[in-house]
Every structure is written in structure tokens, then in C-alpha cells.
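Going by the order they are written in, the chains are A, B and C; count residues from 1 in each one.
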């Protein structure tokens, strides 16, 4: 094991919000598909600098909640306040532009592209040179490309995936794909990073690696993280605060210890005799 | 103003002025629509069972028609030619399953579509190689199909002409749809077919043979193609030009949805009648001939408002 | 043995991001360019230039156009022939309206007409995806074909309904029309194709090309990374149609000499689609392979079979070509969906590690 790489020096989020203040607030959000209620009247907040976990049994509406936050689903009721700005209907690319990045439950990498290109794709919003410069691929456009490549290489170093830089991601084992996906989200230099089951399907070593990366991202890059995870050990160790969903409703919210001892949560997970 | 008048009022005034002609136009469109629907039907069968967007359905129609007529030209009696053609379609189905579909299982949709485009070109080359490229006369009367026509009086001086072959086409189409419905819903193979359509792997796991089902489906589509070929051939002739016409099955499917047999019928009729009316009443305003693209435009405009088709349900995307 | 990258170290990201990072590749490209620029016009006779080299280059450009849309941006198009026609008719109108401007300028400008229409017919791609989109492009195809027949203004009210290329010259050299030499036409086509290929390559390796591939590989994830589908898809439609339009203009002005609407039928669309599939979707070099293969196969059959004692009538050649191409499409989709380009790549990999079977 080599020495732990220094996390990349990325632009520190500078949005006038001090650590510990509310970065994202979900207010009374309800979402339904036809007659099926995915989430009902959910409210919680994410504070700047923390790791916030969203947990709950299968079908509790966790992923739907993330989809609402980054604009992929539009809730019928309620609103999202991000960095003090209220919004109701927002397109996913607008959410990305406002500083929300995300990984997916089932890896959603760009299969036809290499690791490098996948992570470069996270820099899309950081690249501004127009069509004509792109055509020439010269001067400013090339400088910009190389400048962003440098950032991406820092992330590649941080995630220790130098050797698979030019491998098509489709050929990578699952654990590495998850890591590349994290890299892609990091390349966006987000204010808020949403992780949908970052450790699903991993073995113990891979989980430990991923936990370390998540902690480093949070502590050293000061990125606020909201994550969904099933591994309770991981959740309790990593997160500062936990919100628990069950059947689309919020049943608990608080520190890991408080949530662990909450009777509703125990019932939801272990089942309760009626 | 004149232009608006021509577009918005004149065509309707024309319709009202000559209702017998209007009904005739609708009837013509209806029959064309049935043939579109038949092509779309063969397509739906395959799409349902294997998720393959079968571009080759049009050329299968031509190929079946050519084989039938070609065999008859070689001196084979009509009934025997029909049976032999059915045999050829069965052979074709087995070959397609054996050499194409089986090898391409679980590939992306677009690859499967392209393979059927490749199939189309192969069959065009093969058909022309064996039977020659020039149009042929369909052996309508030899097959015992009616050839006459009936004129029905309408109103005081109106006259509507019904070709008997068109009526036969409508009847045969209805019979075929009914037969397919029974086949799908009442037989063991039909049930297996629906199972395969829902989920390939689950069907495999309960012991259904995918290969067998696919061969059967392609054969069924071949029979539908043969019927379409006979009907279409009887109305005009059997030629490769039909291949372009058969592309109109695509807009039909867009309207009706890729998996719905009633959708194929309704979509076919809408396109058939819609493009005839458009051609006759609005076509002259822009120089005529708009039949060649009207169907696609109708489908396109329709798609913009209802991307899931007439009978489809809204798909919720998940990530 | 010669094809090794041993000892070629990259010390900057710029060097690492070159199009041809391996020195031997750069030499190879230089040789190919030299052959194309010097040897072919010098050694090739009029038949070779007019009937093989020029149409091959033009169709390769059209294939690149289709590849941008289908191979890179993942939007299936069956309307390539129609967009080529738009380019051809636009060029014809430009030549009529501004007879004194240089013809190459007309050709390059005519692509913009195709690009504009490409954007219009690309708009539905924002709501409809995949196979449904094929219908949109077919709508474009048949609508354009209809326009070429029914809008007399497009062909200057000619009685024949066809467009005929007038003689035009630049710098004292006749480039179009019956009296233009095949060498002159070849050079114009070659230069246009080289320049446009380089520009497209630049787009593809930069931000814009990456956005196209993001949309192709996973449109939802692309949106969540900040790609605006509107921009990505319409830019692909515009660039693709531009290239097809320029190819169509050159097809008429430097190859056919005169064209009827049927020259741009759906058959041409399929022909170009096959070139893209056989060559390899998502590969520029594959576009050249595919175009060469499909264009030259019937010529080989026509001229080669008599040499081995089996002369074929021309309709048989057409039929055989159709069967062979159809069968090959299927074979390639089964064995190597990435086409000739991937075979080329595999060949190079094998050469790199030769004489060992694995690296």
C-alpha cells in the first residue's frame, strides 16, 4: 500500500455559506407516480460540510428523494431550497450547474469511453470555449483541455486509478467502476455530492477503500455529502446525521446514535408484530 | 386570405359537395390502411416476442409474393405454389432464427435493427437474383380470389365502387387478426410467446425454448407477409417498389405502439385514411404527391404530443 | 517489429493527447497523405480518379457525417440521402444566384442549408428517442425527395427536372462541368475532405464530442453532469447535416455532373448507413474503410470476375453486391459490431506485441 495520496486541490466551494449552516433544505416534498406515492411530505436539511445519510428499507423512497434533489423528478408538492434559493421545477442540467453532483445505484458510466474521458466528462461545465475554438482545437481550446486534464489527473491520483486511465470503463470490475463514477462526480467540484449506495455490491476491502475516499472528500476537500447506504456499520461510522425513511415517510432524523435507538427505526428494519 | 380559405375551408366544402366521392376516398384509404396494418402486424408479432424492430417485414412481403408468382410462372399449379411458398417462409424463419437472431441475443436494440436492415438487403439481392427485378402480375384469379367490382348507388346521382378484392382483403385481415388473437390467448405456444415477450430470462428459466418460439414468430410473420403480398399484389403488382411503401409501417407503429395488435390496426387505418384524404383534398394546394411523406409527418406531429403512442403507457424513467 | 512504442515517453498532457501518439502512426499518416496527394493523381488514370477515388472520398465524408450523428451522438438517422440532396440543391441555387463566387465557397456554404434543416428535423430528438427517431429522419428523407421533384424553383424550372452542373473555374483551372479534368476535381474533393475530417476530429476529441458520446452512452447521466440535451443533440444534427450537405454538393458537382431527385433517394441513405456500420460506428478511420469497401466491392466484382474467367452481367453484380453487403452487415454485427475499424485496431495491437500473442 503506497502512501495515501493527497486529495486534489480543487476550488473550495465559495458560496457565502459557512460550515454548519443549512446548504440544502427539503420542505414538505411529496412525489407520486400515478397513484403510487413514492415520498410523502418529507422535510429535512443538509448542513454545509457534513455527511448526511438517508437510510431506510427497500422501496422507502430514498433514490426518489435524490432524484428530486437533482431535478430528475419534479415533486407535486413541496420545494427544494439550495444555497438559499427556492426552486420547484429544475432540469437536471440546471441542478448540475448549481453545484450538485451525483453517483448512481447501478453504475451509470459512459460505457463507450475510457476512464479518463469519463472523468473529463465531469468537467463539462468547467469548459467554456466555444464551437469555433473547438473546431480548431488550438490556442485557448487546447489550453483549456489541458488545464482540465490536469485537474482530472489529480482526481485520478487521489482515487489511485492511474493504471486504468485509458481503459474503456466497460472492461473494469464493478468496484473500480464505482470508483471511476465517484471520480466523475468529484470532477464537477460540487458543493453537494449525492452518493446513491456507493458501496453496494462491494467486498470488505473495497468498502474500506470507498469509506476512506468519502471521508477524505468530506474532510479535506470540504465537500458536503448526502449518501444512501444499506450497510449500517458504514452509515453509523461515516455520517454526522441520519434521516430514516420508510414507505415514503420520514420516521426519524438525528445523530447516528439517536437514530439507532429510535423505536420506529427498529420496527421498520426488524418488522413489527401487528 | 385566399390561401387560408384554400387550406381551412375549401377542402371541407369539396367533401360536403361530393359525399359519394368522399366516401370513395375513405374506402380507398381504408383498404390501403388495412395493408399498412398487415405489414405493421407482422412487425408487432416479432417485436413482441423478441424486441427486434424488424425492418425486413416489407421485403418479406415482396419476397413471399415473388416466390408465389415465380413458382406459378415455372408451371407449378397455384395451390401447390401457395403451399410451397408457405414452406419457403418457414425455411426463411428457421434460417433467420438460426443464423441471425440466435447469434445476436441480448444485443442492443439498434444492433438488432441494423441486422434486419442487412437482412433486407440480402433478401433484395436474393429475390432479384432468383426471380428478376421486373414487376410481376399477382395470380389473383388462380388463387380463387374475386376480381370484379360492385358499384353501389349513393344518394341521387352518387356512385361508390367497391373492388371485390378490397372487400376480400378486409375480410381476410379481420380473420387473420382473430386467428392471431386466438393463437396468442388460447394456445400453449401463445402463452409461451407472451411469456417470452415479457421477460426472456424468466421464460427460459421455466423451460420455454427461446429458439423455438422465435422461429415460430418469424414464421407467423412470414405468413402475415405472404397474405399481405397476395393482397397488395392483387391491387397493383408484385415489385420491389413495395419495399419503400412498406416503410410506412413505421409511422403506423408509432401511432399504434410497437407491441399492440389493435394498435397496429387502428394506426394503419388512421394513416391509410389520413394520407388519402390529405392527398386528395390538400395535396393539390402544394403540387400533389404529398402521400410520399404525409404519413411520416402525421406520425411525427403525433409523437411530439404523445411520445408513448396511442395505446402505450407513459414510461417512468428510473435511475 | 517496426510498430513499437518502446522508448516513446510522453512528458506533457499535450503530447499525451495527440491524435496519433505513436510515432509510427504519424509516419503512416504522412505516407497515406503523400500517396493521396501525389501518387494517386500521378499514377491514377481518368477512370480511377472519376469512378473510384472521387466518389469514395465524397461518400467517406457523408459517412463521417452520419457517424457524427449515429456513431458519436447515438441518434439513428435514415435520412442521410435527403440531407445530401439538400446540400446539392443548395449548391446549385448558390451557383445560379452568385455565378461569380468561387465554386469551393459555394460547396462549403451549401452545407449550412443542410445544417439548418438538420436542426429543424433534429428538434423532435429532444422528446423522442432511439427507434422512434428513425421515423423523423425518414420523414425528412421523403419530404426532401418530394421537394426536389415538386418545387421547380430548386432546379431552375428545367424541363428535365434535373440539375446540371455548369462549368466553373478557380484560378484559371476548370473545376466543374464536363470540361473539368478528373485530376482537378480530385484535388478539390481531397482537400475539402481532409480539412473537414481534421476539423471533425478536433470537435470529437474536445468538449463537444465528449458531450455527444455522453448523450449516446447514457443520456440521463449526461444531463446530471450538466449536458444540455438541446445543445448536444442539435449540435450533432447540425454538424452531421453540414458534412452530409457538403458531401452531397460535391457528389453532384465533382462526381455525377448532373443529378435527378432519385440520386438522393432512401437507397443512398442506406448505402451510407452500411458504410458507417461496416466501417465501424464511432470511428472516423472506419468511415473511410466502410466507404472504400462498399464503393469498391461492386467495381471489383464487375472488373475482377472476368479476370478469373467468370464475367457477370451488370444486374447480377448489383444483386450479388446487395447480397454480399447484406450478409456482411449481419456477420459484422455478430462477430465485430465495431466494424472494420476495430479489426484495424486489433491488427495494430497484434503488430505491437509481435511475435508474442499477448501483451
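Keep in mind that, in the parts below, a contact is a pair of C-beta atoms (placed from the backbone, for glycine too) under 8 Å apart; a residue touches a chain by one contact, two chains touch by 3 or more.
Keep in mind it's a predicted model, so treat the numbers as computed, not measured.
Engineer: Find me the chain with the mean Cα position closest to the mean of all the protein Cα atoms on display.
Structural biologist: C
Engineer: As a test of understanding: of all chains, whose mean C-alpha position lies farthest from that of chain A?
Structural biologist: Computed centres place B farthest from chain A.
Engineer: Need the CA-centroid distance for the pair chain A / chain B, whole Å please.
Structural biologist: 49
Engineer: So how far apart, in whole Å, are chain A and chain C when each is placed at the average of its C-alpha atoms?
Structural biologist: Going by mean C-alpha positions, chain A sits 41 Å from chain C.
Engineer: Chain B to chain C: how many Å between their CA centres?
Structural biologist: 33
Engineer: Taking each residue of chain B in turn, which ones touch at least two of the other chains?
Structural biologist: 317, 319
Engineer: When you check chain C against every other chain, which residues touch at least two of them?
Structural biologist: Residues 220-221 of chain C each touch two or more of the other chains.
Engineer: Touching two or more other chains, which residues of chain A qualify?
Structural biologist: Answer for chain A, listing residues that touch two or more other chains: 72, 104, 108.
Engineer: So in the complex, the part of chain A that touches chain C is made up of which residues?
Structural biologist: 70, 72, 91-93, 95-97, 101-102, 104, 108-113, 117, 120-122, 124-125, 127, 129, 131, 134-137, 141-142, 145-146, 149-150, 153, 184, 188
Engineer: With touch defined as at the start, can you tell me which chain C residues reach chain A in the complex?
Structural biologist: Residues 12-14, 17, 199, 202-203, 205-208, 210-211, 213-214, 216-218, 220-229, 235, 282.
Engineer: In their shared complex, at which residues does chain B touch chain C?
Structural biologist: Within the complex, chain B contacts chain C at residues 53, 99-100, 103-104, 107, 109-111, 113-115, 117-126, 128-129, 133, 244, 247, 250-251, 254, 258, 286-290, 292-293, 296-297, 299-300, 303-304, 307, 317, 319.
Engineer: How about chain C: which of its residues touch chain B in the complex?
Structural biologist: Against chain B, the touching part of chain C is residues 76, 124, 127-128, 130-132, 134-136, 138-139, 142-143, 145-146, 149-151, 220-221, 266, 270, 273-274, 277, 315-316, 318-330, 333-334, 337.
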